[in-house]
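Next, two complexes with chain A in common: one pairs it with chain B, the other with chain C.
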Partner chain A sequence: MQRISVWRSARIIWLLATLLFLLAPVVITVFGSFSARWGRTPWEAFTLEWYGYVFRTYGQAIRVSLLVGACTVVITTLIGIPAGYALARYRFWGRALLEDALLLPLTLPGLALGLAIVQTYVILRGQLLLLIIGHVVFTLPYMVQMVTASLRTGNVLRLEAAAASLGANWFQRFFLVTLPSIRNTVVAAGLAVATLSLGEFNLSYFLYSPLAMPLPVGMYEAYASLRIEIGSAFTTLFVALLLPLLLVGQLLGRTRATSST
Partner chain B sequence: MNRLRLLGQKHVRVQFSTAAALLAPLLLVLLAMLFIPLVVLAAMGLRGADGALTLDNYLAVLVNPRYRNGLLTSIGLASAVTTATLVASTTLAYTVVRDQPPATALIRALLTFPLSFPGIVVGFMTIILFGRTGALPALTQQLVGVPLLQIAYTLPGLFVAYLYFEIPRITLALAEAIEQVDARYEAAARTLGARPVQVFVLVLLPLLRSALISSSALAFATSMGAFGTAYTLAQRITILPIQIYDAYTVSFEFELASAMAVVLGLITMVALGVYRAAVGSAYQQQEQ
Partner chain C sequence: MTLQLDRLTKTYRDGTQALRGISLLIQPGEIIVLLGPSGCGKSTLLRLIAGLDVPTSGQVYLGTRDITYTPAERRDMGMVFQNYALFPHMSVAENIGFGLRVRGITRAERQQRVEAMLEKLQLIPLADRRPDQLSGGQQQRVALGRALAINPSVLLLDEPLTALDAQLRESLRSELRRTLEQFRTTSIYVTHDQTEAMSLGDRVVVLRNGLIEQVGTPRALYQRPASAFVARFIGSANRIGGVLRLTATGPSAETALGPVTLAAAPAGAADGALIDVFVRPEDVTVVPAAGAALLAAIVQVEFLGDRLRLQVRTTTGATITASVAAHTMISTNLVGLCIRQAIALPTAGE
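So, the complex of A and B:
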């Protein structure tokens, strides 16, 4: 028994070391963003100078991304709910094929997709519309999959059957029974879509217009300037923007917005 | 359930048109932003400098030493990252699920958190740890007097950066798989006298086979295609995604860039096929 508990302790230390590897740089980033000099703690030399710089230089980029993210969430929801409903409730030719096709944007490197889109729609290059539709195709699979999975649970099926047996027609069932019962899933999926859109770099880097640079591209610029304090302030701001989305998403259910690398 | 089936039969004729109407916007987006662009990309790769049809660009990726080197470095890096991730994540997932560490929910939430970081942020985290003014060089400066581990902008740095995004996602995927395994199998093996290592290797790992395969495919595909991380850290290292970007924006070889992007896309598609097959067999196992 002694040996087993030693191994267990070793494994838990290994787990904690991994968490340290993942989270220590985040903590250092946050500290660094408030410090006047890199390597000092904020309480030794506190400053908001780096945040001022980020807001002055990249405020527009943050606004662009909030707009693109909001549009992406609305479009993805409007397209994703009916599509998810059709996939969950109807049998039709090519359904399995369509579900496989929905996996494509999830695994296809954003670089390859970005290159493909930008060379297909040369005329639209630099239009905000292209960036938004690019984000829509990249995030739609999440929305559709989550809606489909939620609609396939027995609970929603039973409620719909009960409503139908009481004489509710298709529209009444859809709007008064189905939609309210998947509301939490839709909100969680919407938050995941917003998270992905705000952080999407690989695709955006090919589709953005220099006049309307999105947040991640601005963040990359800050990194490339090699001013680690400014990069830290921008990263902290970005994480602060994501955190409420992630927290509410966690509360609503086990959803995971896995950003593209 | 019978009532549901009746309901379905009643509507069977209108089903197809209703489904088509509900799916039309999705199909339109997929067609316009996925299928047509991918066909255009593949066709661009078939164009020679003079506009004629040629296989030269695709051949260049495999034959030209420079591009072949980039492809092989990418495959080598992705393989190394996949192997290391699998070893690390299997033990981590086991600890999360079976060892009942304190504050399990918090640990899971903390593992989920870095998943939302885009590749460029992962690159920046690597700079924070291993850059010129990074935490580990600063620490070794304090301890031994010389800054060590300034590896952020090298191939080993890229390896560590890729682990940063692979370990949480694969650990969580494997943790879900371990939760599906009935703990009584392991308990039975222990009762029969198996040592902990034997239980892990001979009982648990075989039961996790399809999850391990699908996780490997997922890790390999994401590592192959990772651009943001590499672009932040390794603009001088010749890996496939960086070469694609350079060919497109620096040397304006659109056709070559397209061909390389198609090759990259095909490699991730193969990995996706493996993933689908493994997940499919996992479902079958569960149903049995």
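So, the complex of A and C:
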């Protein structure tokens, strides 16, 4: 009994120490973004000056990233669902090869992928389109993988068979049964794609045009050449932007897990 | 419309022969049960009938129409799946109306027919519920209603009771039987459970290794099994060797347990032929040892509530299972046995 409670408190202390270690940089960054000078706490010297600066200087970058993210989500969804369906439902020559090829970008560092894209599509250099293409290539594997996996579950297969036995043709099966049953997966995958797109620096660094700088590049620039308080404000804004996406994704993941049993 | 299966075979890519030539004629309104152990090909056969898979050879006829390669969605067969496969994102009413909706039936008529089906299955108070808010029994009724709403030419049921626990299974079985009798749609029911097969089927088709072992009414299968496999798969049976005796008083057998009356002689067997004799446990009765022709020592007694299941060892050395009424007095270790009747089959060497 005694030993168990010693174990328990040791584990709790370890957990708290780990949390503190992980969260300290975040807390310090958030504090810094609201303080007039680095090293002061917000209640000593509160200011919103850095946020104003970020919005004036990098408002455009945030807008660019939101636009690129939205386009990336729409395109990966439109390509990912049919691709995932084909991989999960049809046997055709080269299917395994195609599946592997689609997952290849997962193994490539963003840096290498960015360099490869920019060298291949020289003609698109400096255009926003190039950034979107890069992000689609980078995030598509996640969408395809999640869609394929959920289509391969026995549950969805049985629902499709049931719909067929009731007289539903391919289109009716796909739109009335298949799509609604993988809806949560698609939304969760879309959120993952949005998160990846908004936060991807390596790839974006090679593909952006100076006139349309994406958010992570802007953040890098802020840290590299401006006051650390401005970088902190930028980071805090970024986290505030991503947190809801992550939370909703987590929530969906939970309902998906319970509804599939 | 009759459903005719003509020499159906199915060989899978990996060489597994799931079906090795199945022919069967199913009459309109009949409830057919496909029964067999797992791997016997019953589920594959149902998928071929449903149109969810195509045979390697052979034909399926609905009436005079060859539907062997007609896809599932153009067969007009309702199917009830093992886990019911209700559409989770639709209400009970929408599930039942799905088949009508995809047929392009107008909203007004659809509503009327769904309503009628809800009424018949006592589902009206649940019309707006989602499947995950229903009990197992309610889900079964919705699955049946969904399949029956399209007025199917044939209703297919794929082990609908297998996933349930024993008690629920029994009550749903009688409910299912009532529903099937109420609608009297030609039905094909797949199961590995012989109790379900006996209680639901007008005729039972026993499958084994991709072939039909025997077709018959539950009673015929039980009383006149065509093979040792059927004798043991449906009910249980003690197997003993014997010699056939055809006399004026009827067929009998000389066995290690003494002379035994036979229900019928195996077809084509002559007097004096070596045969296999199967004795159902309930055809063995326990009598006082004094004066009995056959004596046995009791090895084990299992109390099953309404019955006693006895393992006995006869003085001739055979171990026999007997099932007697629970109130049978067993006061001594040595009892007499009397065998009421037995089933005779040609020696198969199985």
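As a working rule, the second predicted complex is superposed on the first by the 236 of 261 C-alpha atoms of A that agree within 3 Å, B and C clash if a C-alpha of one lies under 4 Å from a C-alpha of the other, contacts with A are read in each partner's own complex, and residues count from 1 in each chain.
Basically, contacts are C-beta pairs under 8 Å (C-beta built on N, C-alpha and C of every residue); 3 or more make two chains touch, one makes a residue touch a chain.
As the structure is a computational prediction, the values presented were derived from the model and not from experiment.
Student: After superposition on the shared chain, which partner residues are touched by A:T72: those of chain B (first), chain C (second), both, or neither?
Tutor: It touches nothing on chain B or chain C.
Student: Please indicate which partner A:Q145 is in contact with in the superposed arrangement: first for chain B, second for chain C, both, or neither.
Tutor: Neither partner.
Student: Looking at the overlay, what does A:I28 touch: chain B (first), chain C (second), both, or neither?
Tutor: first
Student: Between chain B and chain C, whom does A:S181 touch in the aligned arrangement: first, second, both, or neither?
Tutor: A:S181: touches chain C, not chain B.
Student: Let me test your reading of the model: by the given contact rule, A:S165 touches which partner, first (chain B), second (chain C), both or neither?
Tutor: In the superposition, A:S165 contacts both chain B and chain C.
Student: Between chain B and chain C, which makes contact with more of the residues in chain A?
Tutor: If we count touched residues of chain A for both partners, the winner is B.
Student: From the superposed pair, tell me which chain A residues show up as contacts to chain B and also as contacts to chain C.
Tutor: On chain A, the overlap between the chain B and chain C contacts is residues 161, 164-165, 259.
Student: Residue numbers of chain A touching chain B in their complex, please.
Tutor: Contact set of chain A toward chain B: 4, 7-8, 11-12, 14-15, 18-19, 21-26, 28-29, 32, 38-39, 78-80, 82-83, 85-87, 90-92, 98, 100-105, 107-113, 115-117, 119-121, 133-134, 136-137, 140, 144, 157, 161, 164-165, 195, 199-202, 216, 219-220, 223-224, 228, 231-232, 235, 238, 242, 246, 250, 256-261.
Student: Applying the document's contact rule, which stretches of chain C touch chain A when the two form their complex?
Tutor: 50-52, 71-79, 81, 83, 85-89, 98-99, 101-103, 132, 146-147, 150, 156
Student: If we count contacts the way the header does, which residues on chain B are in touch with chain A in the complex?
Tutor: So the residues of chain B in touch with chain A come to 3-4, 7, 15-16, 18-20, 22-23, 25-27, 29-30, 32-34, 36-38, 40-41, 44, 88, 91-92, 94-96, 99, 101, 107, 109-129, 131, 133, 135, 138, 162, 164-165, 167-169, 171-172, 196, 221-229, 231-232, 241, 244-245, 248, 254, 257-258, 261-262, 264-265, 268-269, 271-272, 275-276.
Student: Quick check: in the complex, which residue numbers of chain A touch chain C?
Tutor: Chain A residues touching chain C: 158-159, 161-169, 172-173, 176-177, 180-181, 183, 259.
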